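In what follows, chain A forms one complex with chain B and a second complex with chain C.
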Partner chain A sequence: MTITVDHPANPAAGDADRPMGYGRIQRKEDPRFVRGKGHYVDDIVLPGMLHGAILRSPVAHARLVSIDTAAALAHPGVVAVITGQDLLGLNLAWAPTLSADVQAVLVTDKVRFQGQEVAFVVAEDRYAARDALELIEVEYDVLPAVVDARRALDPDAPVVRDEIEGRTDNHIFDWEAGDAVETDAIFASADVIVSQELVYPRSHPAPMETCGAVADFEPIDGTLTLYETSQAPHAHRTLFAIVAGIPEHKIRIVSPDIGGGFGNKVGIYPGYVLAVVGSIVTGKPVKWVEDRSENLMSTSFARDYIMQGEIAATKEGKILAVRTNVLADHGAFNATAQPTKYPAGFFHIFTGSYDLQAAHCTVTGVYTNKAPGGVAYACSFRVTEAVYLVERLVDTLAHQLEMDPAELRLKNFIKPEQFPYLNKTGWEYDSGDYERAMRLSMEIAGYDELRREQKEKRERGELMGIGISFFTETVGAGPRKHMDIVGLGMADGAELRIHPTGKAVVRISVQSQGQGHETTFAQIVAEEIGIPPEDIDVVHGDTDQTPFGLGTYGSRSTPVSGGAVALVARKVREKAKFIAAAMLETRPEDLEWEKGRWFVKGDPSVGKTIAEIAMGAHGTVTLPEGIDGNLDAEVTYDPPNLTFPFGAYICVVDVDPGTGHVTVRRFIAVDDCGTRINPMIIEGQVHGGLTDGVGMALMQIIEFDEAGNNLGGSFMDYLIPTAMEVPNWETGFTVTPSPHHPIGAKGIGESATVGSPPAIVNAIVDALSPLGVTHIDMPCTPARVWEAMQGRARPPV
Partner chain B sequence: MQIPAPFDYARATSVADALALLERHGPESRIVAGGHSLLPMMKLRLARPEWLIDINDLFELDFILRDGNQLRVGAMTRHTTLLESAEIAGLFPIFADAERVIADPVVRNRGTIGGSLCQGDPAEDLTTVCDVLRGEAVIRGPGGERTLAMSEFHKGPYETAVGQNELLCEIRFPIRPRSGSAYEKVERRVGDWAIVAAGAAVSLADDGTIDDVAIGLTAVGVSGTIAESEAVLRGEKPREDLFVEAGRLAALASNPIADQRGPIEYKRHLSDELTRRVLRSACARAAVSPSPTTQEG
Partner chain C sequence: MQISMTVNGSDVTSEIEPRVLLVHYIRDVLRLTGTHWGCDTSNCGTCVVLMDGQPVKSCTVLAAMADGRAITTVEGLATGGTLDPVQQGFMQEHGLQCGFCTPGMMLTSRALLDVNPHPTDTEIREAISGQMCRCTGYATIVRSVQWAADHPQGIHEADETVEMATTDEMDQIHARIADATGEEVGA
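Then we have the complex of A and B:
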């Protein structure tokens, strides 16, 4: 007997309250969170546990002359002090990054960014560990730093990575997509060309919970249990097996509740490795949890793209081509999390939502004396930067052509009948109905009325702006044949077990950091096999308890693991048919499915529910050949393509003409993420992402001074938005299911973060356009807006 | 978790006890009031007192009291109390203007006026408020009590006339008829420190001319009030062209530095813009302010 699984796309599920599946239900994880009973890494206390603290470099670029740890070791309570030299002996001084580079776990030769890890103290409590840091004496020979990415390739620029054999510059990679010749030809004959430099400055996701780990190495049987703030526990386990040389079956990674990730918790940080080393060295469990400044200064930043963009069009407003050259600042180590083939992530999607004739981009990555990272903050692998580029360019074009930016977009959208649509950088957009989303957004906004209001206000000298962004994302990495991270294919597993009484447990390889997996994935199973979500436990975050898979980032949980869970449930449903047939003493082909039960065709009163079938499977019914006595299944899902969520955002701002202060008055977000599993969770993801967008557009930036000192190392200096800066979000949706996804879902986790910054910046530029302003870079702080109003807009870096 | 350097802790039971504790534990002992300036500095190890003398039990310093033609505010009065006090709102609307934009509710629930003034942060808002209201600081120490005008109280950034072994106990404000006051701040985000803020207080003579006026700026390196701008207005009826001139002079008097909040020229521009704005509202408020008799009632 074979069990066949088909991939029908489920019809769209809207807001209907359907407790047996999709719909607006409360999150199953919330009772523990709202009662303060979440259990995070820092809540873990093991018997005999010690505490680690990291000494970090105060300077950005310096030769390490000497380290004296004697006084620290003598400090009461200190058990061990570990330096780079100690790690060299263990062959652990350098660890591989997720981008085929290496990163120093502790400095051995020279410091390459301010905040870099220099030594690790292990003590009986965290106070002793912290106090002892001050007793370590380090002599640095300070070197000139390369801070400005634009100067990184200058012949006289200091070389950041001179430890790499033969390296004499700061160049990491050149990458391109699209067709340069074709694109240049179109530009050469286009009526209108608009060029603009766009800087997407460095920011930081700043999750509420900082990064941390508790390592527990058991010397007798050589097992390592590592509790970590990780978005990708399985990938981490494999990497630890490779880095630390501990056999993979002896490693268990547990990611308990995670207080926000946003990509900040994808990589393996030196602190995790040091906790492991500390545990091996001391024979005791070691906890390390970074403080806020450490998080902001040393863990994965986001963006830092300097983009020269150009758009070509006919004078009637037909967009023909887009091209761009990007300078990407990757910091001191190339530690971005990207699929191997794609050093600039999925930046290909800078072609946007428009039917172009040609497109071309180049991206050059450089080293600088800054913290490493680069893929974080809900960027969907650089889709954020790409969307910002094209949506700002389209607006500058509208301005140049004196066309309404909504009208220009409507004129150029890819049409519904063109899907699946092959874009000019070689990606196949799965499905879309862009005009419908755009029109809905304009309707909710009252677009024409807003333009009228703006006209009146302008006559009175008031500065009101309306900004649009229409984004297409590419998420759900990804097909194994194209996508891997350090050699691990980007597929995800799922296991489903139905207990004899009809309750279920589904085990998934992705890891929630707040996205609501325990609810969403239960709802997918519920929808497929018709038992209530509350009867389905979702297990995640423990490599001993869950199947292999690559984790949660790049909005991949629903597109990849969601597919896996739907398929595993269908496999169970199919198996249930055979068992039900045996129980009903009929043939499987005579049975028909309705949500929750198999019944005899033509005689609906005769049937078996999933619970009855589960009991049957574990009971005494004689089972058919090839069907074993359980109602369990497992799958690994390799997505055939990425999914392409999209949305139409409209932002209304008011700018104080006297101070440059921007108020986001309204924000309308129409999202299409295909099939909607839990609309409440979707809206929550959108609200959060929009708030992130306000942060990036208005205030967030990690700046450095000339010496490479990080100027954003605390929440005094690095501002994140509060409820006071955001309007009452107005959301809407359309549903265009993905044709290739088992349930038609596309992923929503990053849409709003990706889509909102250009809408806000476009609105600000629109507000300032009567003053002749055509561009302003983020963050649009009052000072930067005021400078733009004076005709002196300047890039932030 | 950010961890301060080791310190010891004592809880004072009265003003006298606090002074005795300061005396006993010597120069490395520090008062802690709301802790919202001191504790962050300790966590960043920018401040490393050996002893903290906690004065949060000194309810005797937590009061707002009308005393003849003075309003007396105890040093332990919390930001929230100042924001919500109807008495203060009636007499000195500038307090609510400023308090509304100081930090966030969590900080305001603990932070005190005494701590704010003693911290002497150049971007601190209540300093300007107290300056333009012509407050007086009442300080107690081993040698007894002294009262200082705000101009004598400030000694520059992070420095005040309060000695290490002394306690700021209260601030007194003169109550004047036909007066109005206002504060306005520009910040990058709610809860952030001012890029620039301005405060003004005016009182009008019977004929509607400006009898007295005080203008102050926050976060632009100005200490005390701005005599040049005030001189333009004194004795005149409130008029837009005078506000403009006062604003221009305030910008000239300002001495900002460039930082992440903005360049010098922007801060000078704001000094001008905000001075005009606060003068407009302070004068409008003075014009409708109740007569002294109704105030007493």
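Then we have the complex of A and C:
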């Protein structure tokens, strides 16, 4: 007979050696996913549910002259057609963004980017809804489009946001960090200055599952249940209360299983609002699920920074200062997701892993006729751009000084004893041992042997390149005093409840999109309380079921929510001590903890397990004064600082001299994220991020033509790496815990996406250096590399 | 029009519009929602099912074209309550994260192993090259398929050892945190 493997995760379940904490354990999520029993938004079907579809603008910039919806409304199965005029009546035509700007939900005055939402059809099935889109007649008066950010501030540039009173240009903000005077003085006297324009082109996170929602408004008691692809369900609830005017206690947001987020699912998109409006208007649940083209054309893009970077050094290779001016293309609405005080996110971490004497940056944001976004795709709030800037500049400097790029980095690293290290733009790095990680990465790579191989190949005319990136991340936003998103402080709550039989449920405010929270948060509780992870349920994503918090992005789950979970477990453990003391008729201070059990000091045979204590807490034991029964606790964790994980990456590429095709032959990634909760899951996070890096460095770009047509709006043109374009990743790690974090853990999720693109581009430039190539902008497609080989490298449009 | 097919071993008959895509028929009509829909240009492969044993992108097949065929979806991959070794392999080797590409990846892998029980890594990569994954970076998917190749009968109870952080490792970590903070942590 066959035996059903119901719980293949944690195979040791049932015996005495059950895992009680950190380590490689299989995921609690997997059994449902491998059976096709996940619960994603489009899997949800509610009684009477209708389907919504969005009509989108075919042009980038145009006055809306008229919309005729009569034919669409007459189409069989169509229940409602909603336009911007309808929303004006509901005061919902515009919605606030995460950057305190507003974004059109449906166009009322003019279209500002191709793919913008123009009308919403609600029908009985998804096919009928799509049919009806084609029956809506829209007349546009096409205007010239602002496409090139470099020309957005020209005096004669069309004004994208002329609906804002007094607005006569496309300027959004100027922001700076560091000390300009000090920096300029150092540059004025430096031996060596290297300047380079670096374009981080517009890309898109493109999660495999697109954005979608099912809205269910119950008119009798005025409650709204909204199932959403949301990385931040609690923040969405608050925003919906503000946007839609529904009292917050009557809104329930449910983020079910999410098919990848990567920052794409942080903001509130017009489609979500339209699903809600559709449900209010029709009195029935309304589902809206976008297709891939809609996802790529209208939801949050990433990057789009044009950076003028400069690095100053002595001729011996001591790096002195970095300065940069950035032009940031934010599209038609400033919907960038970042803490309020940081309009360029954490870009000012661009001083990197080096001990500088001065640094300064300015960032200017501009409107263009493109989709909104900017912060997404594992960027940690613009750290991708910052790391790319400094790591390319350091390589350019190494080339200028004719120094080995590894040697130059080793010479300039912040030393272990300098931590906590206050950099020149105001960040306090928590901990680091950079040289150790760099040396380990070089050892895994066989760096010296690689350089020898390269020399031999160069003599044969072969193009082999070795690229290094050593990065410092800044993740775990953030201290409430400095960091909020639209006024909501970036703290996270956790609640832990131990049931009478010793099983537990921990409720968290962050929202997994595949990062394995259901497993790793159980492991944190297991480590602290001594209950095996499979006996701990992790509840997330339902605002009715979980404490308030800001959600998962910026690799903030482990730093913030992970801290909250460790602390709530310790609070429960402390409570358990008092209950155990009562049960053992001893004093709490006479008890000692071993994982899973309080026992009497000096007499380990006398003690109570956490399960016994849980039963006691719910039973008839006379509890000490101040202990109110049950075994549970809740905390809100306001982190004192961010965490600063780091990594040493080495990439080896071969470039085909005839075609310019780049092959990433090897990639070595050494990461240090402090305490490692589950090495298997960390490795998976790193692998995924490295693949993002290959995508961005070699193939991904959302480009526009002069008319503002989006040229990257489908997977035919927006290229995602497959198994054929990526190597077998080689990973290693060091452990330098975060001193301020309750378990010493730092975030890791975005490190590889942040750290890998500069390693790949540095490798390509290294490969092409015999041809005189000193820089090539991403994406390094064969055509662009070939052009660079002919001395015609150009920035992407 | 009326169509009939075998889905995961059961006969189904439905009245449908001729234009209905197989992916929507499977998801919306049969309510087998393990098959996903990730793009609109036939690139991503999250909708892969087996049609007469061959992997097909069900977004690019009309339900009507599946008339008379045998379809296997992820829900039909386990037999008699026992997971297919491919399903076990994906769990053993962490071949999935968000889980959205997983059903399609596993079905393609099953079809590969049916004709090539001991594929090379390159053969696995080629076999799944019509499918995108945004989370895993593919290496663990390759390992997952190799695990399934190495365990053709699967396992009844997972034989993977659990590698927990050792007490020494944890003590070192706790000591370092204590050094830095002056606070005792861990237990």
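Quick note on the criterion: the second predicted complex is superposed on the first by the 779 of 797 C-alpha atoms of A that agree within 3 Å, B and C clash if a C-alpha of one lies under 4 Å from a C-alpha of the other, contacts with A are read in each partner's own complex, and residues count from 1 in each chain.
Convention: a residue touches a chain if its C-beta (ideal position, glycine included) is under 8 Å from a C-beta of that chain, and two chains touch if they have at least 3 such contacts.
As the structure is a computational prediction, the values presented were derived from the model and not from experiment.
Look at A:R35: by the touch rule set out above, it reaches chain C but stays clear of chain B.
With both structures placed on the common chain, the touch criterion links A:G658 to chain B but leaves chain C unconnected. In the superposed model, A:R130 makes contact with chain B only, not with chain C. When the two structures are aligned on the shared chain, A:K318 is found in touch with neither chain B nor chain C. Contacts of A:T722 after superposition: both chain B and chain C are touched.
Within the superposed three-chain model, A:D291 lies in touch with chain B and with chain C [touch as defined at top]. Between chain B and chain C, more residues of chain A are touched by C. By the touch criterion defined above, A:P782 reaches chain B but does not reach chain C.
Contacts of A:H499 after superposition on the shared chain: neither chain B nor chain C is touched.
By the document's definition of touching, both partners, chain B and chain C, reach A:S714. Comparing the two interfaces of chain A, the one with chain B and the one with chain C have residues 126-127, 291-293, 714, 716, 722, 724 in common. Listed in rising order, the residues of chain A touching chain C in the complex are 2-5, 8-12, 19-27, 29-38, 40, 42-43, 45, 125-127, 206-210, 257-260, 262, 291-293, 431, 513-516, 527-528, 530, 593-595, 675-676, 679-681, 683-692, 714-716, 720, 722-724, 726, 728-729, 735-737, 739-744.
Contact residues of chain C toward chain A in the complex are 17, 19-20, 24, 27-28, 31-41, 43-44, 46, 73-75, 77-78, 80-83, 87-88, 90-92, 94, 96-103, 106, 121, 124-126, 128-142, 155-160, 162-165, 170, 173-174, 176-177, 180-181, 185-187.
Here chain B touches chain A in the complex through residues 1-3, 5-6, 40, 44, 104, 186, 188-193, 195, 260-263, 266, 269-270, 273-274, 277, going by the rule given at the top. Residues 126-127, 130-131, 134, 289, 291-293, 658-661, 698-699, 703, 711, 714, 716-717, 719, 721-722, 724-725, 781-783, 786-787 of chain A touch chain B in their complex.
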